[in-house]
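The structures considered in this document are given below.
The following pair of complexes shares a single chain, chain A, combined with chain B in the former and chain C in the latter.
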Partner chain A sequence: MAGLARRSGIWLAAVAVVLVLPWIFSSGFAITTLNQMGVLIIFSLAYNMLLGQGGMLSFGHAVYFGLAGYSVAHVLNGIGAGTLPYVPVSLLPLVGGLVGLLFGIPIGFVSTRRAGTVFAMISLGFAEMMTALTLILIVFFNGEEGVQTDRWAGPEPFGITYGPDIQVYYLIAAWCLLATLAMYALTHTPFGRMSNAVRDNPERLQFVGYSTHRVRWLAFALSSFFAGMAGALHALNVEHVGFETVGVGQSGLVLFMVWIGGARAFIGPIFGAVVIAFLNSNLSGITEAWLLYLGILFMVTVMFAQGGLSGLILMHESIWKTDVRLFRPMVRPYALGIGATIVACLGAIGLIELIYFMSTRSTRDTGTSLYSVPVDAASLLPWLVCAGVAALGAEACRRAYRPMAASYADAIETVKAGAAR
Partner chain B sequence: MEVFAFSLFNGILYGMLLFMLASGLTLIFSMMGVLNFAHASFFMLGAYLAYQISAYVGFWPGLVVAPLIVGVIGAAVERWGLRPVHKFGHVAELLFTFGLAFVIEEVVQLIWGKVPMPYDIPASMNFAAFSWQGLDYSAYRLFMLVISVAIFAALFLFIAKTRIGLIIQAALTQPNIVSALGHDVPRIFMWTFGFGCALAGLAGVIGGNVLGTEPAMAITLGPIVFVVIVIGGLGSLWGALVAALFIGIVDNLAISYDLSFYPLFAVFGVERDVTGIMQDLVRLTTASIAPVLPYFLLVLILIVRPRGLFGTRDV
Partner chain C sequence: MTAHALELRNLRKSFGKTEIIRGVELAIEKGRIHAVIGPNGAGKSTLYNLITGLHPVTSGRILLKGADITDKPPYEIARRGLSRSFQVTNIFPRMSVLENVRCAMLWDLGYRYSFWHFVGRRRDLAERSEAIMEQTGLGSRRNVPAGLLSYSDQRALEIAITLASGADVILLDEPTAGMSRSETEQAVALIRKISQDRTLVIVEHDMGVVFDLAETISVLVYGQIVASGPPAEIRANTAVREAYLGPEAA
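Coming up: the complex of A and B.
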């Protein structure tokens, strides 16, 4: 009973946060960002049903996202023009989900016979095929222009028109919570467990008598359903669906979000979607090199943090559950390590920004500003300072990481000793 | 007839370029199990480096230097990037190369900008080699063909006749045994990776000025190279050659003949000016579906023959 109360407590807290957020961040820009976050959370969680829980790396999951988006845009236009029977706009995400499912079932059948590299290659093939088709099948995809739509269509139940962004926010939030709950519940069903087993040891599962193909296929179809739901909400949110929504770029973005957030924990994709959507809407205006930083961050997590950012946090879970005081000797090495990392990054980012400025400037003026300090990019000084800071930071990192790891190992040792006792 | 001959010729040329990429990719894949997503990015690097070198000292030094630089970059990426990730499995390696492709594209834009580079055919090669039935054929294209065929012949001789080639062949199928015999398999991996990247770089040097040197060149060519190695059969160089030539020729024939699919629909009594969904289908021509053809072939081969044309193991 207590366990149930605690578990539902988390969900009730999530509902409360979702209800309150637009009151705290009430600007139009903030609501737009929140709406994107909601859509991307559903999409990331759907993607993680494949990558994290099923062990299938897809480069083409945006196909279901985009196709559902196109379909919902056409349904909305049909309702608006009176050629299609009325479907409540609030239920359109279900229509999108069904479209995702419709495509996910046959495509999943041919691509899930094997996981790993081969699955990834096939998914890429389908993504490329869809991208090429958007420019060929003009009636449905409308080429490079994409499909424009208007979510203010049909009757207005309870006065909900979905005209203002805030109404769409609550629609996205409600579906996001529902979808998250559904996908979380799925991880606890026998199917969810089988999906994990297929990821970890497919051979053994076949010996036991399961068809790995069917388990993967089911996971793929369900994941396509939720990806379609996200695509429908995307179409409702921005009222436009373009050819880029089905492409490898969109699939790569969701892969980045899931992996950087952490594919191993259920919370990871949510974390990744929130962080990257936030950075995307805030940084893309400040620096042209934002995508480069995103790519480097992704490569660094692949090389050094397989669990992503959430994995880095959750690896300390057993320590705080045992005794929070164990953190005390870790504070100093951690502060030094994190500080050194920040210094090294500041230097490297400064260098990259300088190169970017020099290669993209359109005038002869070499004056720019770096960290709001006016500098002359043609002089040697800013380059030397940035390179010096980067080198200093790298050296500091080299010295600080070992004590950091050692203090973590000590704490874990104590936890294990306590557990053994 | 001359249209057929010329598109066949161009198709073979495009196919040989694809093969230069696919041969390195399939060598790397069958030896290390790594699908190098960034392979076409090394092709792009080759083109950009060749452009930069040709801007200072001309085309010919770039032909030699650019692939060497790309090869060294590739070997370095394997040594310090891929090898540490190896312990996390093939999916992590694939993720690494995916991130690498993304980062290389961004770095190229960082250094050279987003607009295409004016990387031109060398002036000494810019004349018609021969003229047939009123159509000129450029000397540079002939040169490309000679280079790619020479590379192909050298690659086969190298793998079939030299000692290192034999070790590579052995490492393709039995890396553990080769390692047990005392060969330094990680080092073979590193140099194979570097060699494959250098081949891709060379393809970029000779192809960049014909196909266009721009930041999107990697992402447009990369997936087609994957299709080539799957259709040919993973790990089979002959298969890669046949598939590359096949895709190159089909692509060129489809575009230069530009047949309409309408007669197919006319059989079923569909009008030419039909509206609605059918409108797109009636308007389809072989040229308009050329971009999707490789991917249709991919799906078809995966359903009908998952091991590819010449492969020995199922995909």
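Coming up: the complex of A and C.
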């Protein structure tokens, strides 16, 4: 019972956060970012049903996201023009989910016969095919222009028009909470458990009576449903669906989000979606090199933190559950390690920005600003300073990481010794 | 005549041109412990892989409780009440002991691919997994990820998964491989305990274990059964001695 209370406590807290957020971040820009986060949270949780829970690496999950987006845009336009019967706009995410399911069932049947490389290649094939179709099936996809729509369609129940962004925020928030709850609940069902089992050991799964194909297919279909729901909300949010939403780019983005956030924990994709959506809307305005930074972040997590950002936090879970005081000797080495990393990054980012500026500038003017400091990129000084800071940071990292790892190992040793007793 | 628990009729299997199983005839009575012994490379593991549907047979038939299961997929065979353990530990490493055991019983208890039940709230799942963990001595390890268990605990989990499916015909593949003397004794006691209302087939290299447990022994040499009978008879059989000790000893 205590467990139940604690778990519902987390959900109530989530509801509270969702209700309060737009009061704190009330600017139009912030609401747009929050809306994007909500959409991407659903999409990445759906994707993680495949990757983290079912062990299937897909390069084409945007197909269900995008197709649902297009469909919902057409439905909205139909309602607006009076050619389609009225469906409350609030329920359109369900329509999107059903569209995702409709495509996920047959495509899933074909592609989940095999896992691993074969599955990944088939998913890539479908994504490429959809991208090609956007230029062929003009009636539905409208080529490179995409489909424009207006979410202010039909009657206005309780005065909800979805005109202002804040109303869309609450729509996305409500569906995001519902979808998250549903996907979390799914992990505790027989299907969810067998999905983990097929990831861990597909051979043994067959000897306890399960067909690996059926389990993967079901996971694929349900995941497509939630991806479709996210696509529908995307269409409602930006009132435009373009060819890029069904393709490899969008599919890669969701893989990035899930991996950077961490595929092993349920909360990982939420983390990833929030971080990426935040960086996307904030960094893309500040630096043109933002995709490069995203790529580097992805590579670093692949190489050094396979559990993603959530994994870095959760690897300390057993420590705080045992005794929070165990963190005390870790504070200093961790502070040094993190500080050194920040210094190294500041230097490296400075260099990258200088290179980027010099190679992409359109005028002869070499004056730019770095960290709000005006600099002349043609002079040697900013280059030397950045290189110096980067080198200093790298050396500091080299010295600080070992004590940091050692302090972690010590704490874990203590935890293990305690557990053995 | 009641059907045998398991029956192999003129079973053959070739890999390329090499015939590994060369016309095996074997009938295993219900409720017995039946050991299959034989030198390395005799085809014991291949035999298991054929029975459980992992490999397609070249010719011949396999009957489980009288029903033909030849070339059915492994999950079909498992659903009909045949379960196997593996020589090389074959568990779900990232899931806890409890999860491992629970996964193995979901089909048998009728949950199939359900996504509308919560596994943590079902009494039948809780009761059977408690019983299985109790029986195999894994109760205190229930929340440990299976991949982190000690070797002998992993072997016990291997058997626990095999049992959890509720099968009444169980194939054990070298259940005591790599175990110390005392661990082997525990494993033998466990096997004896689980044999009470089930049919057991055991492939095992430890002759002490075989002669201790088995009620019937079949000897497989180069893909054929050369002798079958109670332990005392097998011990005295010249063909068996030849297979194990070479022609001079016989």
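Quick note on the criterion: the second predicted complex is superposed on the first by the 421 of 421 C-alpha atoms of A that agree within 3 Å, B and C clash if a C-alpha of one lies under 4 Å from a C-alpha of the other, contacts with A are read in each partner's own complex, and residues count from 1 in each chain.
In the analysis below, contacts are C-beta pairs under 8 Å (C-beta built on N, C-alpha and C of every residue); 3 or more make two chains touch, one makes a residue touch a chain.
Every value quoted in this text rests on a predicted model; they were computed, and no experiment measured them.
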Contacts of A:355 with chain B and chain C, given as first, second, both or neither: first
Which of chain B and chain C A:189 touches, first, second, both or neither: second
First, second, both or neither for A:393, with chain B first and chain C second: neither
Partner chain(s) touched by A:269 [first = chain B, second = chain C, both, neither]: neither
Chain B versus chain C as contact partner of A:97, first or second or both or neither: neither
Chain B versus chain C as contact partner of A:218, first or second or both or neither: second
Touched partner set for A:114, first chain B, second chain C, both or neither: first
Chain touching more of chain A, residue-wise (chain B, chain C): B
Overlapping contact positions on chain A, where the chain C interface meets the chain B interface: none
Complex contacts: residues of chain C adjacent to chain A: 52, 73-75, 78-79, 83-84, 86, 90-95, 99, 102-108, 111-120, 161, 164-165
Touch list for chain A against partner chain B, complex: 55, 57, 59, 110-111, 113-114, 116-118, 120-122, 124-126, 128-129, 132-133, 135-140, 248, 252, 255, 259, 289, 291-292, 295-296, 298-299, 302-303, 306, 352, 355-356, 359-360
Partner chain A, residues of chain B touching it in the complex: 29, 33, 35, 81, 84-85, 88, 90-92, 94-96, 98-100, 102-103, 106-107, 110-113, 219, 223, 226-227, 230, 276-277, 279-280, 284, 288-289, 291-292, 295-296, 298-299, 302-303, 306, 314-315
Complex interface listing, chain A residues touching chain C: 185-186, 188-194, 196-197, 199-201, 203-211, 214-215, 218, 222
